[in-house]
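After this come two complexes, each holding chain A, first together with chain B and then together with chain C.
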Partner chain A sequence: MSQPATLPLVSSLLDAPLPSSGMTWLDTARRENREAFAAGGLPDTRVEAWKYTALRALGQRRFGHVDDVAQRPAVDAPTLALPGVDGPRLVFVNGVFCADLSVLDRLPEGLTLQPLSQALRGDPEPLRFALSRHYREVGDAFARINAAYATDGVVLRVAAHAKIVAPVQLVFVGAAAETDLAWHVRNVIALGEGAELSLVEQYMAAGEQAQLATLVSDIELGEGARLQHVVLQNAAIGSSLIRRSSVRLQARAHATVHALELGGALVRHDLQADLVGDASRLDTRGIFMPHGRQHIDTQLAIRHQALHTVSSSNWRGVANDRARGVFRGAIVVAPGADGSDASLSNKNLLLSPAAEIDTKPELEIHADEVKAAHGATVGQLDERSLFYLRSRGIPQADARALLTAAFCRAVLDDLPNEVLRDHLSAMLIAQLPNT
Partner chain B sequence: MTSELSQTSATMRDNADVAEVLGRSYSAGFITKIEMTGLPPGLDEGTVRAISAVKGEPAWMTEWRLQAYRHWLTMPQPDWAKLSIDPIDYQAISYYAAPKVQPKSLDEVDPALLETYEKLGIPLHERAALAGVAVDAVFDSVSVGTTFRKQLAAAGVLFCSMSEAIREYPDIVRKYLGSVVPTGDNFFAALNSAVFSDGSFVFIPRGVRCPMELSTYFRINAQNTGQFERTLIVAEEGSHVSYLEGCTAPKRDENQLHAAVVELVALEGAQIKYSTVQNWYPGDENGVGGIYNFVTKRGDCRGDDSKISWTQVETGSAITWKYPSVVLRGDRSVGEFYSVALTHHHQQADTGTKMIHLGKHTKSKIVSKGISAGRSSNSYRGLVKVEKGAEGARNYTQCDSLLIGKQCGAHTFPYMEVKNPSAIIEHEATTSKISDDQMFYCRSRGIAEEDAVSMIVDGFCKQVFRELPMEFAVEAKKLLEVSLEGAVG
Partner chain C sequence: MLKIENLHARVEGKEILKGLSLTVNAGEVHAIMGPNGAGKSTLGHVLSGREGYEVTAGSVSYHGNDLLALEPEARAAAGVFLAFQYPVEIPGVNNTYFLRAALNAQRKRRGEKELDSMQFLKLVREKIKVMQISDELLHRAVNTGFSGGEKKRNEIFQMAVLEPQLAILDETDSGLDIDALKQVAQGVNLLRSPQRAFLMITHYQRLLDYVVPDFVHVLADGRIVESGDKSLALKLEEHGYSGIGASQPTGAAA
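Presenting the complex of A and B:
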C-alpha cells in the first residue's frame, strides 16, 4: 500500500460526496469502505495480486464524479444493438441508469430486472447482504471505492425454474463528458433453483474521453441453475476499467463465461468463483487482445469447495505493439473437495518486440481424489502450420492472419448462440493486426 | 548430556533391525561427541568481526561481511512463500562452532567424526578410493579433511574450503564472491554473507575437465548452531565439473536455521553440474523440531555456450525455501533444473527455480516432481523470465505433483514473464494421486502396498533420478522409500 491520501487519484475520488441512502446499514457500509480506501490507498506491485499491473500512472490522474456533469451525453440507441441478442436491455451511461435507452417492457415471466437505484427505493432488504460487505484484502482498493460510491447498477433475479430464453443485455457506456470522470456500478444477480438465464454484458464507448470505472458484480446460482454469460468489453481506448465478478455456484449449478477483452487503456478483471455445491460446474473461455499501449489484466480465481465439482478454463492472449497482457489463473481445491476436476489453459501470442505477456497459472490442491492440470504457453504461430499453408500457395500475410484468427476463435467454439458467435468472431478478426 | 546421547546412539545401533521394521526412523539421527569451541548466541557487528577474526581473514573480507550485515539489518524476513514459519530469534543462534581439534591431515581427523561418516555410510577413505570421489567434508563449520588434493592439483583444479581459499587465493575469491548472489540479494543471503562459517571453493581453470566428481557432505551437528555455508564454483572457459552435495543431520528437537549460499560461475563454453541430495532432519511426525533450510543457489552462465544444471532431491528439513536459479547471460547458454521434493508429516517445502533469459538463443528446461504425504505442504514456485534481448529463447517446464493422503497440499505457482516475441515458453503441470488402478494392478501381482507405492513413486521421479550421478541415484531412491514409510495404509 502506498502513500494513501497524497495520490491525486485517491484524493480526487475521495472528493466526491458520500451518497446518502437513508438506510443506516448501507450508509455505515459506505462510510466504512470509504475509510478503508482512504487509509489503504492503492496497492503497489509488491501486493501479489497487482504484481504485473502498476497503478503509478493512474494514481497521478484526477477524476471528477458524475454529479459534476449536469447533462447526460447523447448516446445513439442503435449502436447498442447486438446481433442475436434480442431480450430485455438495461443501459447505464457513465454509471447512471438510462430509461430511454433501456428495453424493459414485456419482461418474461420469472425475470426481475431493474436498476439498483430503483430497487433500493423499493425493497432494499434482499440487497443488504451484498451491499454491506467489507473488503479486507490489501488488493481490494477498487472494491472499497465501489462499495462506498456506487449508487446504481443492475439488480437481476430469475425465479426458481424460470427459463429466460432471450438473452438479457446489460450495457455500460462510457460517454464523453467535460472532464475526466470516475463512475461506479454495482450489480447483484441471482438465479433461483433450476433457473436458466442467458446474459450479455457489454462495455462500450461513446467517446475517447479518459475515464475510470469500477464495477462489482455478485452472481449467485441456485441449485441446478444454468447461466450463459457473455462479456464483451470494448471500452474507449482512454478508459480504465476495473471489474470484479464473484460467482457462487450451488449444487449442480452450471455457469459458462465467454469473455472478450478488447478495449480500454488499463483493464483489470477479477473473476472469482466459488463452487460451493456438489457437482457444480464452471466453464470459462476468454481472450484478451491488447494493442497500442493497452494493459489488460485478467485474474481468475476458482475455488473448488464441494464434491465432484468441475472447472475448465481456456484463455488466449494476443499482445501487439507496446501492449501488455497479464493473466493469472488460480485454482484452489479445498480440503475434502474430492472428485474435483480442474483444468486450465492459457496460450499467448506475442506479436511485437515491445509487447509483453505475463502469465501465472496456479494450482493449490488440498485434497487427493483430484484431477488438476494447467498449462501455459507464450510464443508465436507454429512455423510448420505456416509452412503448410504457404506450400499450398497462401501468401505469408494471409497465412498468418488465418492462423491468428483460428487461435483466437477457439475460445468461442462452444458458444451456443450462433448469431452472436459469428458477430463476435467477426469483431475479433477485425481487431487482428495486419500481419 | 553427551553420555546420555551416546547411550541412545548405542541403543539405536543395537536395535537397528527393530527400528527399521518399526516404520520411519531417521537413520542419521545420532550426535557425535566432539568438543565444540564456538561463539555464544547472539548477532551484532562484534559477532561478525569475531567470525572473521577466528578465520584469520583479510580486512577486505571483514568489511565485506560487515557491509552485508548492515544491509541485512534493513531487510525484513520474506513472507511471500507458502510457508508458515515460527518467528526466528536471530539473537538466540550461535553463529560459529568449530571442532576444537584442528586437524592438519586426514589421519589427524578426530576418530569420532570419522565414525559419524561411517554411520552415515560415507566411509571417507574407502568411498574416496573406491568411487574416485574427492570429499571435502564440512563438519559443522570448519572443513576437517580434504582428499585427492594432489591429484586435483595436478589437473590445476582448486578444491578446498572457503576459508582456505580466502587465505590462499584471495584474488579469485575477491573477483567472484558475491558476483552472482550479491550481499544484499535477499534476507537470508545477506545473513549468510555476514556470518558464513565455511563452505567449498572450486576453481576449474580454462579447458580443464575435472578428473573426478567433487563431493561435499555438509552436516549440522552442534545444537543451536546455525549453519551458514558459502560455496563458490568457478568454471573457466571450456572447463567441465560435476559437483555433488549431500546432507544428513543428527536428530534433535529444536529448529535449526540453515541459510546457505551457493554461487556458480560458468564462463564461455564451461559446464557445471550441481547435484544435491538434501536429507536434513525433518522434525518428528508431530512437526516438532527439524531444520529450517533457507538456501540461495544461483548460477551465472556468464559466457556464451555455457551450461549450468541443477539436480536436487529434497526429502528433509522441516521447512525448505530454496530456488536454484540460472541467469542465462551468454548467448546459446543452457540452464537446467531437475527436482524431486518430498514432504511428509508436517514438513513444508516451497521450492522451484528461476530461469532468467538474457542472451540470444538461450534454452532452459525445468522438470519438477513434488510428492506430498501426511499433513505436509509442498509448493513449486518458479519464474521464467525472457528479457527483450533474448532472441529465440526457449523454455520447457513440467511440474507434476503427487498426493498421498487427504491432509496434504500440493501447489504450483509458476510465473512467466516474456518480453521477446521470438521466445517460446511452455509450462505444463498436473496434480494427481496414485490411482486405485495402479495400486490394484501392483497388488494383484502380489506386490505389497508399500512396495507398490515406492515403485510408483520411483517411476514418477525417474526423469529426475536419471540426471543424478549413479551412486546418488541409488541413495536418492532409498531415501524416498525411507521417507515415505508409514505414508500409506
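Presenting the complex of A and C:
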C-alpha cells in the first residue's frame, strides 16, 4: 500500500501542513482523513467509478499550498458579475474567502451566509456532523484530502419558510499565482422546512493556470423546501476540478439543478442525491461540452428511498477535437420506495472523429409500481439538417454551431431565470467551434 | 443562366444520371417529369451541392461559372434555391431566426449589407401576406411539427424571402391536397419574373395545371429523352411514361 503514496501528487498534497482548529473533533477528523488519503492514494481505472477517468497524468504533478503564496492574486470584481444574478455574493479566490469581492450587506431576512472560516470561529457545533465525516470508499481520495485540508467554503442556511428570491451567488475563482496551487473548499448548505432558495454556483478563472481544486458540498432540503440551483463551470482550461455534491431531500422537497460544464482540463463531478422524504423531487439538467483535450466526467447517483419520489435527469454532452466526455447516471429505487418515478436521458454529440463520450445509464429497481425510463445515445450532427441549412446559404461552420446549440438548448429551456438562461446560452454558443 | 451538359452522376456507386443536358434561360419555367427512379431528385441534389452525389462526367455552368465547384452555401448566395421534397425538421432552431441567418449569410457573401431585425421583420411581413402563411409558423422550430402542406408552403415562403434566381422545386406538389397545391402554385406564380428561372421536378401533371411551364422535359434512365411544350405533359398524362422516348434514336434503355 505504500506505493500510491509515492506519487508526486500525493506527496505534494501531504507536504502541506495540516490545519489546526483548536477543536479536538475537527483536528481528529482532519488527521484521520489525511491518513486515509496517504494510505489509499489515488484510485486507478480498475475502480469502477474511475473507469473512464484516468488520474495517471494528474498523479505525476506537484502542487503548491495556498499558504506558500505571499500575495493574493488580483481579481477584477466586474468579471464576477452574472446577468440576472443580483443577490448576495460570496467569493473565494484559490479557496480563500475574499471579503472585498463579496457582497454580504443587506442579507435578506432568513438567510445566513458566511464563509466557513468565520463560522468555525463563531459557532462550529452545527457543522460538526458534516465536517467530521469519514470517507471509506477507495474512490474517495479527493473527498479525504478535502476533509483533511479544507479550511474555507460556504455556510449557507435558509430559515424555515423564508423565501430567498434574488439568486445567491457563490463564486470560486482559480487565479494564477507564482506556482500552481492545490486548494480545497467545503460547503454546507441547508434549507429549512418550507424554505426557498435560488442559488448560482460559479467557477471561473483569473489568468491561465493549471491548479487542482477539490470541492465538497452538502445540501440539505427540509420538508417542502425548494431549491433552484444553477452551476456554471468555466474554470481555467488547464485546471483540474474535482467536486462532490451530496443532496438530501426531505418530504415534498424539490431541488432543480441546471449545470453547464465548459472549462477545466480534468473535471469530475459526483452528484449524489438521496430522496429520503416521501414525494420529494429532484430534477437535474446539464450540458457538458469538452473541447481541445478536455476531459469532463459527470457522475449522478440518485437514490429513491421514500414513497412517490420523483427524479428526472436530462443531460447533453458535446465533445469536439480530441476531448472526452464521461457520463454515468445511476438510479436506485430502494425497497419501499413504491410509486416512484425515475427518468434519465443522456444524449451526446461527437463533433470530431477523435472525440469520445462514454455514457452509462444504470437503473436498479427494488420497489413496486415504479415508473422508470432511461436512455443514452451518442451520435453525430444530422447530415440532412446540415445540408438543409447550407442549401439556404448558411456556411458550414455556422450550420454546425446552430445545430449544436439547438441540440443543447432543450436542457436549459425550463430554467426560470430568463436573463441568466440567455447568458448561459450565449456562453454555450461562444464555446462552439468556429463561431 | 443554367447550362447542363452531358451530366453523369453517381450515388453510392450507382450511376443515376447518364448524360443529361439541359439549358435554362432567365424567365423560363421548365418542368422535369419522369417515372420513379429516373434521376429527378438526383438532379436537384447535384445542382444544390449535396454531399454523396459524385459527378463523374459533364459540366454545369451557371451564369458562365462552374456551379459544381461551389459549396452549397456559395450556390445559395449565387441565387440557387432547392425546395426540398422532404423539408427537414430542425428542433430547437426558430424558423424566423433560421431564415434571417440564411438571408444575411447570403447577403454577406455577396457583399451586400446585412438586414437588422427591424428590416428583416418588415420583409417577412410583406412576404407572409403574399404567401398566406400563418404567423404562428414563424415562431415555431424549423418545420418541426408542421403538416406536410405547411412544410411545402414554408419552402415556398423561404424562397419568397431569399429571392433566388434559379429555383429548383423537387416534387413540391407531392403529398399535397388540392387546396394546398393551389396555394403552393399561387406562391410560385407570384414569384415568376423575367429575371428568375424555375426547374420544377414533378411526377404528376397536376401541378402543371396551376403553374404553366414554358418547357416540359421527360427524364428517363438518367437522361432527358423528350422535350416539348406543355402539351407534352398532357400527352404523358394520357399515355403514361412507357411510350415516351422509344421512338427516338437516342431513346432511353428499357
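Just so it is clear, the second predicted complex is superposed on the first by the 415 of 435 C-alpha atoms of A that agree within 3 Å, B and C clash if a C-alpha of one lies under 4 Å from a C-alpha of the other, contacts with A are read in each partner's own complex, and residues count from 1 in each chain.
Just so it is clear, a contact is a pair of C-beta atoms (placed from the backbone, for glycine too) under 8 Å apart; a residue touches a chain by one contact, two chains touch by 3 or more.
Note that this is a predicted model, so its numbers are computed, not measured.
S.K.: Quick one: is A:208 in contact with chain B, with chain C, with both, or with neither? Answer first, second, both or neither.
M.R.: Once the two structures are laid over each other on A, A:208 reaches no partner at all.
S.K.: Just checking: does A:362 make contact with chain B only, chain C only, both, or neither of them? Give me first, second, both or neither.
M.R.: first
S.K.: With the two structures laid over each other on chain A, which partner does A:350 touch: chain B (first), chain C (second), both, or neither?
M.R.: Only chain B is touched by A:350; chain C is not.
S.K.: Who does A:379 touch here: chain B (first), chain C (second), both, or neither?
M.R.: So A:379 only meets chain B here.
S.K.: Could you tell me if A:390 is touching chain B, chain C, both of them or neither one (first, second, both, neither)?
M.R.: In the superposition, A:390 contacts chain C only.
S.K.: See if chain A has more residues touched by chain B or by chain C, and give me that chain.
M.R.: Answer, by number of touched residues of chain A: B.
S.K.: Output check: A:370 vs chain B and chain C. Expected answer is one of first, second, both, neither. What do you get?
M.R.: first
S.K.: Looking at A:137, would you say it contacts chain B, chain C, both, or neither? Reply first, second, both or neither.
M.R.: neither
S.K.: Could you pull out which residues of chain A sit against chain B in one structure and against chain C in the other?
M.R.: Touching chain B in the first complex and chain C in the second, no residue of chain A appears in both lists.
S.K.: Which stretch or stretches of chain A touch chain C in the complex?
M.R.: 382-385, 387-396, 398-399, 402-403, 405-407, 409-410
S.K.: Which of the residues in chain B end up touching chain A in this complex?
M.R.: Per the stated touch rule, the residues are 80, 82, 386, 388, 401, 403-433.
S.K.: Which residues of chain A touch chain B in their complex?
M.R.: Going by the criterion above, the answer is residues 48, 52, 335-336, 348, 350-353, 355-380.
S.K.: Of all residues in chain C, which touch chain A in the complex?
M.R.: These residues of chain C touch chain A: 48-51, 71-73, 75-77, 81-82, 84, 87-88, 90-93, 98-99, 101-103, 105-106, 109, 141, 158, 162.
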